[in-house]
Structure formats: C-alpha cells, structure tokens
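Next come two complexes, and both contain chain A; in the first it sits with chain B, in the second with chain C.
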Partner chain A sequence: MEFVNLILGLLSLLIILFTSPLFAGFINKQKAMLTGRMGPVIWQPYHDLRRLIRKESIYAESASFISRVAPVISFVTVAVAAMMIPIGYTIPLIHFKGDIVLFVYLLGLSRFFQILGAMDIGSSFEGMGAAREATFSVFAEPIYFFTLGSLAFVTGFTSFWDVFHNINLSNPSFIIFIIVCTISAFIMMITECSRMPVDDPNTHLELTMIHEVMILDNAGFDLFLYQYTATIKLMIYGSFLICFLNPFGLSNHALGYVIFAVLTVILSSVIAWVETMTSRFKMKNIPQYLLFAAAIGILNLLIYSFMK
Partner chain B sequence: MILIAGFIIQLLSAGLSVALKIQRRQSALVHGMFAAGLLVSVCGTAWMLLGHAPDISLPDFISADPLSLFFLFVIQLVSLPIVIYSYSYTLPYLENRQSVKPFLIFFLNGVFFTQTVVIVQHAVLFLVCWEFMALTSYLAMVFEKEKPEVQKGSWMYLVMTHISVLFLYVFFLSLYAATGSWLFTDYLREPLAYSGYHYLLIIGFIGFGIKAGFMPFHFWLPQAHPVAPTVLSAFLSGIIIKLGIYGILRMLFMIPPAGAAAGWIILGISMFSAIFGVWYALAQHDLKKLLAYHSIENIGIIGIGIGMTALGMAHHQPSLTALGMAGALLHTLNHAVFKTLLFIGSGVIYQKCHTRDIEKLGGIVHAAPVFVMLFVIGSVAISGLPPLNGFISEFIIYLSFFETAAVIPSFYPLFMLIMTVGLAFVGGLAVICFTKINSVMFLGLPRTERPALSGDRFVYAAMGFLAFMCVFIGLYPESVMALIRSVLAVNDWSIPPDYGDIFSSMRWVFLSVVLFMAGAVFMRYFLLKIRPGRVSKAWACGYRRLNPRMQYTASSYADEMNSLAARFLLYRKNEDTPKRLFPEPSRLESHTGDFGEDTLARPLYKVITRIILSLEWLNRTDIRYYVACILIILVVYTWIAFLWNL
Partner chain C sequence: MENVIHILFCLTLLYTVVTTRIKSYVSMLVLQGLLIACVMIFPFLKSLSIHILIIPLLTLLVKTILIPRFISRLIVNLDVPRVVETTLQPFNLLLLLVATVILMFIAAQLLSEYAPVPPIPLAAAFSTIITGIYLIIFRTALIIHVIGFLIIENGIFLLGTTVAAEMPTMVELGALLDIFVVVFLMGIAINRVRSTFSQIDVSALERLKD
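For the complex of A and B:
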C-alpha cells in the first residue's frame, strides 16, 4: 500500500509537470475562440517551450551569477511545492502536519530569487516589474491563509491532504464556506499567476506588465525555466482550487482522476471567460482588489463560527 | 568546570586589554584569547545544557538553570564571530595610529558582563550586572565621539537604558517588599501573595520591553544602531536586546500567570511591533537603521512566541506553552545568528564604501561575489524562507497557532487565524525589504564609482561561520531543539511527540530542495560549459545602453507599499514631476519619521522640560540655599516614612 501511494504520488507530480503547458494552451485556445479568432493549437505552449530550450542563453552585460542561478532555484522550489498538491484522490509525495505553511514559504523562496534575478540587470523595466510583483504578493499571502488557513482551523488539520480529505459537505454552512473560499482562492490564483485582471500576459508595452517585464532580459534556457515555472505555478494553483471543489470523499483513484480532469476543463473555461470579459485594472487599484479578497476571507470565518 | 575555565580566560584577556599598549600584535593576542575563552565556555554551556550537572557547588546567587544556560549559549555562540570580526574592524584604526584601546576595553568587558547578567539569580546583583552591561556598551558606542550624530544617538541609548533600569528598580524593590527575599529562586518557590502583581507585571514588561525594543518603546534602536561602531551594533542587535526577552521570560516564571489577558496583551504588542517594525524598515535608506528596524520586527516575532506561552500557561495547556516557548527561544537564537551576519556585512560595506546610504551603492556583486552570497544567505534566513533557520522558528510559531485553535475552542480560532495572517503579512513585507536592499546594494550597476569591496579572512571566517549556522539549524533543527527541550523540561512542558516527526519529514523536504538545487545549478553550469551563453546589452527601450542613473531606486521600489501606511509611517515624499510638454529635471525623495519618537517621546519630553523650566525660580547661585532645600526634603521624607509605618 505504501508503495502504491508512492507511485500514485509520483504520478500526480508528473501530471502537474507534464500537463501544465496543456492547461495554459487550453486557456489560450478558449480565449481566442471567445473573441472570435481561431487561435493557436492547444499544444502551442509545448512548441514554445521546446523552441526556447534550443535557443542560446543571452546575458546582459551587467548580469552577475544571480541571473544564472535564479531561474534554476525558482524552478526547483516550485517543483518541490508541486509535490504537496493532491491530485484526484492520491496522497501527495510530501505531506506532514503543517505543510500548508511550508508550501507558501517555498513559493516565497521562488519569488525571492525571481525578484533578485530581475533586479540583477539594473534596468528600470525589471525593477518596475519586481516592485509590483513584490507588492502584490504581500497581499496574496494573507488571502492564502484566509482561505486555506480557515479551512485548516475548521477541519482541525494542517496538511493539504488531511484538509481536503476531511471536508464534510453534509453540513450546509460548509458549502457556503467553500463557495466563498473558492472566490478568494480564484483571486489569489489570478494574482500569483499574473493573469487578467491583475496582469495581462499578452500586452506589448513594458510599462504595463508585471511578470513578463521581469524576464525581459532572459533568453534561451533561462527563459524556458521561467516560462515553465509560470505554467507549473498556474497548474498548482488550479489544482489547489480544484481540491476545494472535489470533496466527494471517493476512494476510487480512477474516478478521482476523471473528476479532476473534468474540473480542470471547467476551470480553464472560467479563466478564459474572465480574461475575455475583463480588462486589466489600473495598477493603483490592484491592492484594493486583493484586500477585497482578504476581507471576504475574514467574513467567511465569521459566518462559519456563528453558524457552527 | 569547563565553563569556569572559559570565563577565566575571557577575564584574563579583558584584563590584558587594559594592561597592554594596544598595537596590531597585542590586538591579535587579546582578540584571539577572548575568542578562545568564548569557544571554551560555549562548549561548557552546551555540555551543561544537555543535562550534565556542574561538578562544583555554586553559591545561591549564581545559578545554572536551563533558561539561563540557553541564553548564555546564545550570547557566547554569537559573540564568538563578533569578536573575530572586531579584530578586522579595528585594524584600519591601528594602521592610522588611532587608539582603539578604550573601545576594546569596554567592548570586551561588555561581552563579559552580558554573560554575567543571565547567570546571576540575585535581584541586586542582577541590577548591578545589568547596569555594567548598559554602561560598558554605551562607552564602547561613543568610540567615534567627535561625530555629532554619534553623540546624539548614544545619548538616546543612555537615556532609554536608564529609564528601563528605573522601571526595573521599582519592579525588583516591589518584589522584595512582597516576598522579603532577593533571590530569584525564592520567587519561584512560593506563589506571590501580593495583590498588586498585575501592576508589577506591567512595570516589569515596560522595563524589559524598553531594552528589547518592543513598540512603542523602540525608538532608541534606530537611533543608536547606525552610530555605534559596527561591532557594537551587531552586539546590541544580536545580543543585548535579547536580554530584554530573557527578563520577560524570567518574569513570567517568577510571577504567577496573570491570566489570558496578559497573553493577549503581549500578543497584540508583539504583532504590532512585528508588522510596523518591518514596515518602517521598508522605508529606510540607511542600511544600519533598516537592520535596526528589522530587529524590532524580530523581537515582535519572539514576543508572539512569548504571548503564546503566556496563553498556554493561563489555560493550562502544556503542549501550547511548549510550542510557544520553543518558537520564542529558537527565534531568539536564530535572530542573533542572522542579524549578526547582516550587521557584519553592513560594517564591511560601510568601511569599504564609506556610506550607509543604500541608494549610493550598487554592483557590488561583480567585485565580491562570495561576500554577496553570504549576505544573501542571511537575507533569506531573516525573511523566514526555507530551508534556512528563520523558517523553522516561524514554523513552530505557526504550529502553536494551529495548536491553540485545536485545543481552546470559543473565539480562539478566529483570533488565531488573524495572527496567522498577520505573521504571513510580516513575512511578505520582509521579502520585499530584503529583495530591496540586496538588489539595490549588490546588483545592477554601481551608482557611484565602483567600490573596491573585499573582506579579509577574518570577516569571511565570521560571516561564514554564521551563514553555516543558518544552514545547519535549518537542516538539523533537532540539534538546537535538544537544548530547548531541556529548558522546557524544567517546567514539565514537552513538545507533543507527534511534532517530532514534522522536523524529520521537513528535513527530507529541505534536503531534497537543497540537493535538487545543487544538482540543477551544477547541470546549468555544465550546460553553460558546453554551450556558453552570449553576453549582450540589456534592453533599454531603444536607448544605446543602460546607465546607472536609469536604475530603479530603493525609494521607488518600496514606494507603493509605504504609501499605503503613509500616515502611520510619517512617510513624506518630495517629488517634482515634469508638468509641461518638454522634459525637465524631476526628482523623488522619500523620508520617514518615527511614530514612537515623533508623536510619543518628543511631546512627553517637551512636557517634562516645561515642568522643569517652570521650577527655574528655585535656581539660585548661593550654595546655602541648596543645602536648605536638601534639608527640607529630607525632613519631608522622614515624616512620610514615619507616618507610613505608623
């Protein structure tokens, strides 16, 4: 049984690592179709990534060893964080009491080095992107703890696997709780993964970007690592959100994977729809947007503690 | 025995610093001997802390209980690299034929007396040692006394440290009045039959809190740290403020638990200190001032652990008490380690680049990559990121929040959630702050002419040792947890056994992170060997090349976050933005005040000054007049004392 769990845990990790570009491609395809274009094939992110691997790395004159190390560290930490996410009904590779804290701090480490890597060039474009990334993530972390932390307090467990495993849908107040949590977590995903309406991944003006402007001076393999890290991060947060919505308590692995796949498709449509319908916020208004998500988190726990 | 031998070596070398005429060779001798003494005694302390009883009997007023020993261990472990760095710090002065003797005498004696403070168990002796510690560090601080800023900052330190001592006098005298004993062990033995002990707790907390730097008593730290010689700022921030923490913990054990209210008050003050300490830090441009504000943040985090301990004691939950205490003690050690590392780094930068203003630095990484790497390790650790030591202690504090929510129902989960979010917010702010200073100081292009920064081997030895400790405690927290367990065991508290597994599973995660990182970095290096990357110009939006003035500044990096709390940070911006069609000179500068100093201390000071000035009519030139005044006051006192006893 131990061995089977290990294999299934590895399988979850591989699913995250290998299907994450597909998830991104699927969102892009749907976005294109919603705006009446044909759009690229859904395999396009794989092609993009393969092209980037083949290209040579170019470093700016002012770049130091930080630029060479940062993409690698950023990728490794996100990959380790991916080992904590339960997919379907499998026990993740890493689970212990309190791993929800480790998860968010690992992503913090990734961000720390990504910011250093951006600032290494000494260009104000990267500086601007890094400053925005740092500022907005300060608000995203409280949202994380307001959603997952409140779930942890409510269920009494502090590990991803135990929390999601012990969500009890027979209690009606729990359903309201989950719905509100989902909204907060969705906003957090949008912020952390630099999607609309916080950041526009397809813009062409350096001044209006966040994530893209941080990697402006990276090329080749380094750029591949950054882009791949970004898709994995999107997939991690997506699965995280799906875990909220998949609390059926099934012990059937195959069915678990099917439900996971279905919910992934639905989630990608929701993201595509949101990105089509909204435009990017003014940078000045983003903290308000994030504070809104944090505030409904507080409200959520209040509701729960009164209805319990 | 080993410990005592260590103390004797330390005393001898401190004596030598008085006796010898300090030249380069003598300085090496004194520093080397003192460091050897510290090394010997730190081994002795760790040995005793692991449960070996001292083999000679000690008098009543000196005790070796595990809490004292733990703080002794922290002091000795961290003083060791500071003393090694001190040799390198004093070298340029010796080469310029300046005397470093006063500094050396006061600094070494300061280190010695700081150690005595934690092992003395007698109230009067405690106050004497405390005063010695404060005075020697003040005298070492005024090393460069000809500078007006040094006079101002050290004066602030002297005044605040004496206000703190004033509260401590009241605290210990009331304890004596209530119990009739000066010994700490007597306070422990019987519960205090004194109705006013709530007030006593408050007085003690203010007294020790001033020393520790809790908000709103924090404002001496950012004044004193920048002006002190770097050796001493490292010592102040790494160790002396921790004695305030020691005092508060001692007090919590001496006085019966004051109920959950005390815990909540400590938690509130600590959370406030943590959030605004780091927020103030974010707005600073002076490197040492910034690090001083970070000490306030970390004292806040330690205070959160103490608050959880107090809550656990009030609710009789030994598991909770143990977790809170373990978090507080471990963070005390961790903060001492990484803050000292960062301060030594700041000292090297100041000595080589002659500025503490981070906006004037830049591009240091090209000159000194190893130095930058060590500084980055310290920064990652202080931001509480895995896999280094800062994460472990913050993680234990998070666990104590979760534990509280599980064992104490009612409104506790809600407040614990808010504490969790608060701590996460502090972590996020620390990440901004340390990415800011690392990138502005080290990366990019030099903003002024390229500094020829390099440390000598003593600097690298000291910083390397501390960086190694950061990594070691991060990967093997059990090594230090064994010491902390023996502190907890005295009060029959123990961390629940299932928490032991957390550290072992976390170590596997950390080891895998480190191994993956090392493997990936190595692979990247290998790939670059096969197909070397090309070096080209950075994208400058059509300009020919970047120039140093086009870089993002620390002010702009932190501006958005600071503007959010502008009112509280007293954050002011002077900006001239272009208003007409054509480009014209524009600028932005930002300044912060300090809430504690500008809105609390200064008005209070003004009121006191006014009261004193209103008594000016008493001031005469005739000495007989003063003698008469003294006589009248004495008579009044005697009468009061007489009536009191009636």
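For the complex of A and C:
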C-alpha cells in the first residue's frame, strides 16, 4: 500500500510538471477565442519552452553568482511545493502536520530568489519590478493564511491532504467556507501568478510590468526555468483552488482524476473569462484589491469563531 | 443556511466600500435586496402559509426593482460622474470596515450571551448599518448619501428579521412605503440642489451664504 501511494504521489507530481504548460496554453487559447481571434495552438507553451531550453544562458557583466543560482533555486522550490498538492484522491509525496506553512514559504523562497536575481544585475527596471513583486506579495500572504487557516481551524488538521480530505460538503457550515474561500483563493491565485487584473502577462511596457520585468535580463536556459516556474506556479494554485471544490468523500482514484480534469478545464475557462472581461487595475489600486480578499478571509475566520 | 446569506451580505458590504463606480453601488443595492428577500422567505418555508409571503415579495419588488430603477434614472438624468470622489482612500476605509466588522462580531457575541439572538445575523446587521454611515461620511456625492441611507435601511431590515421573530406585517409594509417615499423625496431634493448649485457634491454645500 505504501508503494502504491508513492507511485500515485509521483504520478500527481508528474501531472503538475507536464500538464502545466498545457493549462497555460489552454487559457491563452480561450482568451484569444473570447476576443474573436484564432490564437496560438494550445501546445504553444511547450514549443516556446523547447525553443528556450536549447539556447545557452547569457549573463550580464555585472552579474554575480546570484544570477546563476537564482533561476535554479526558484524552480526547485516550486517543484518541491508541487509535491505537496493532492491531485484527485492521491496522497501527496510530502505530507506531514503543518505542511501548509511550509508550502507558502517554499513559494516565498522561490519569489525571494527571483527578486534577488532581478536586483543582482543592477538594471533599474528590474529593481522596480522586484519592488512591486515584493510589495504585492506582502498583501497576498495574509490572504493565504486567513483562507487556509480558517479551513484548518474548521477541520482541525494542518496538512493539505487532511484538510481537504475532511471537507464534508453535506455539512452546511462548510458550504459557507467553500464559497468564501474560493473567492479569496481565486484572487490570491490571480496575484501570485501575475494574471490579468493585477498584472498583464502579455504586456511589453516596462513601466507597467510586474513579473515579466524581473526576467528581462535572463536568456536561454535561465529564461526557460523562470517561464516554466511561472506555469507550474499557475498549475499549483489552480490545483489548490480545485482541491476546495473536490468532493473528497469518494475513495476512487480514477474518478478523482476525472473530476480534477473537469474542474481544471472549468477553472481555465473562468480565468480566461475574467482576463477578457476585466481591465488592469491602476498600480495604486492593487493593494486595496488584495486587502479586499484578505478581508474576506478575516470574515471567514470570524464566522468560524462565532458559529456554534 | 441563513448564515450563508448573512455572510454574502457582509461580502457585498466589503465591495461597496472598495468600489468607486456608481453603477456597482446600484447593483450592490439590488443584490442586497435579493438577499434580504431570501432571508425573509425562510419563515415561509417552515410554515407554508401564504400571508407570510406578502412581505418578501413586496421587499423584492421595492428593493430590487423600484428603488434601483429610480436611482439609475436619477443618475442618468443628473449625469452624475461615473466615478465617485472619496474623501478617504478606499484602502483605508476598507481597513476601517474590517476593524468595525471584527468589533461588531465581538459585540454580537457578547450580546447573544444575554439574549436569545444568533450572533452572525446580528453582527451582519450591525455592520450593515455602520457601513451605511461610513458611506455617508466618506463619500462626497449626494447620490451616494441616498445609497448609504438605503444600506442603513437594509441593515435595519436585517436586524428586524433576526431580533423580532415576527414583526407585525403592517409595520413592515409601512416601513417599505416610507423608504420608497423618502428615496423619492431625496431624488427631488437632489434635483433642486443641482439646479441651484449646478453640481451635486457636498463640497458645493459648504459655500452656503445667506
């Protein structure tokens, strides 16, 4: 049984690693179709990544060793975080009491090295992007802790698998939590993955970019690592959101994967729709958007504390 | 299940203090009216007598159709700017509201120890009333003051449905009529203000002289 769990855990890691570009490509395709264009094929992110992986990395003269290690560390930490997300009904590779805290700080470490790598070269644009990324992540972190913290309180567990496993949708009080948590987790996903209302992944004006401006001076394999990290991160947060909605009561692996696939498609449509319908916020309005999500999380915690 | 509706109500409150677009205020009013009607329909589901149904239906009519329509028409007629000016940044107001909501939850919890009222609906009602007051204090456009007044009314309705198990039907009918008439009168008053000062903003009222 242990061995089977190990294999299934590896399988869910591989699903995240290999289908994440597909998820991003699917969102882009739907976005294009919603605005009346044909759009690139959904395999386009794979082609882009393959093109980048064959090129060599080039470093600026002022770059220190930080620029060399930052992309690798950023990628590895996100990949380790991917091992904690349960997909379908499988037990993730890493799960222990309190892994919800480790998860967010692994992603934080990834971001920290990305910021360091951006500031290392000394380009003013990248420093600006790094400052923005750091500022907005300060506001995004409370969202995570209020959202998942309230769920951890309700279920009484502090591990992803246990928390999600104990969500019982037949209990009406859980329905409140799921509705409220889904809203705030969606806003958190938008922010952390620098998607549309917060940051435009397609923009090419340095003054308005957040995430993309940090990787301006990276090329070849390093750029591949950064871009791949971004798609994996999107997939991780997507799976995280899907875990809320997954009826975990059923212990059927095949059905779990089917539900996961269906919910992923629905989620990608929702993201594409939101990105088409909304325009970018002004920079100064983003903190209040994030505080709004954090306020939802606080509300969630309040409900828990006062509901008998 | 009632708790779900009250929580959704709190979410609409958070949104009303963040947004600055006037159309979103009106759509939030519609949503709040809908949620109030949902709360009021619960006694009907328990007893299934027709005369309880009158109040929710009338609430639905007045709060989601008549008043929002009237306000939208007022907005069009007065060409109110699409974005409202604020005296306090929405970010700070949101912080203030979150602090208030936390305080209200604690207060409701303390109150519910002495009286047989459920804490969450009570807290939602209190927060609604205070949000309306905040909107009136921190927004300069007069039309938002009307909307803030309506949000206070919504809070009182919410309080009425939780505290009094059964408010007399006549009282509720009277309240609904009153609200509609007040909104109507406020519309007329805003029209007069506009024709005198050529803008509907509280800053214009500060220059009053005799």
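Convention: the second predicted complex is superposed on the first by the 302 of 308 C-alpha atoms of A that agree within 3 Å, B and C clash if a C-alpha of one lies under 4 Å from a C-alpha of the other, contacts with A are read in each partner's own complex, and residues count from 1 in each chain.
By our rule, contacts are C-beta pairs under 8 Å (C-beta built on N, C-alpha and C of every residue); 3 or more make two chains touch, one makes a residue touch a chain.
All values reported here derive from a predicted model rather than from experimental measurement.
> Just chain B (first), just chain C (second), both, or neither: which does A:72 touch?
Touch partner of A:72: chain B, not chain C.
> Of the partners chain B and chain C, which touch A:121 in the superposed model: first, second, both, neither?
Touch status of A:121: first partner only.
> In the superposed arrangement, does A:32 touch chain B (first), chain C (second), both or neither?
In the superposition, A:32 touches no partner, neither chain B nor chain C.
> Determine, for the superposed model, which of the two partners chain B and chain C contacts more residues of chain A.
Partner with more touched residues of chain A: B.
> May I ask you to decide whether A:288 touches chain B, chain C, both, or neither, giving the answer as first, second, both or neither?
A:288: touches chain C, not chain B.
> Which partner does A:49 contact after superposing on A: first (chain B), second (chain C), both, neither?
neither
> Quick one: classify A:302 as touching chain B (first), chain C (second), both or neither.
In the superposition, A:302 contacts both chain B and chain C.
> Scan A:176 for contacts with chain B and chain C and give back first, second, both or neither.
Touch partner of A:176: chain C, not chain B.
> Can you pull the chain A residues that chain B and chain C both touch?
Touching chain B and chain C on chain A: residues 287, 298, 302, 305.
> Okay, in this complex, where on chain C does chain A touch?
Per the stated touch rule, the residues are 1, 3-4, 7-8, 10-11, 14-15, 18, 89-91, 94-95, 97-98, 101-102, 105, 108-109, 119-120, 123.
> What does chain A use to touch chain B in their complex?
Those in contact with chain B are residues 56-66, 68-69, 72-73, 75-77, 79-80, 94, 96-98, 101-102, 104-106, 108-109, 111-112, 115-116, 119-128, 130-132, 134-135, 137-139, 141-142, 144-146, 149-150, 152-154, 156, 158, 206, 216-217, 220-221, 287, 294, 298, 301-302, 305.
> Provide the residue numbers of chain B that touch chain A in the complex, in ascending order.
For this pair, the touching residues of chain B are 362-363, 365-366, 369, 372, 376, 380, 383-386, 391, 395, 398-399, 402, 405-406, 411, 413-414, 416-418, 420-421, 424-425, 427-429, 431-432, 434-436, 438-440, 443-445, 498-499, 501-502, 505-506, 509, 512-513, 516-517, 520-521, 524, 527-528, 531, 533-541, 545-546, 548, 550-552, 556-561, 564.
> Under the stated contact criterion, what part of chain A meets chain C in this complex?
Chain A reaches chain C through residues 172-173, 175-176, 179-180, 183, 285, 287-289, 291-292, 295-296, 298-299, 302-303, 305-307.
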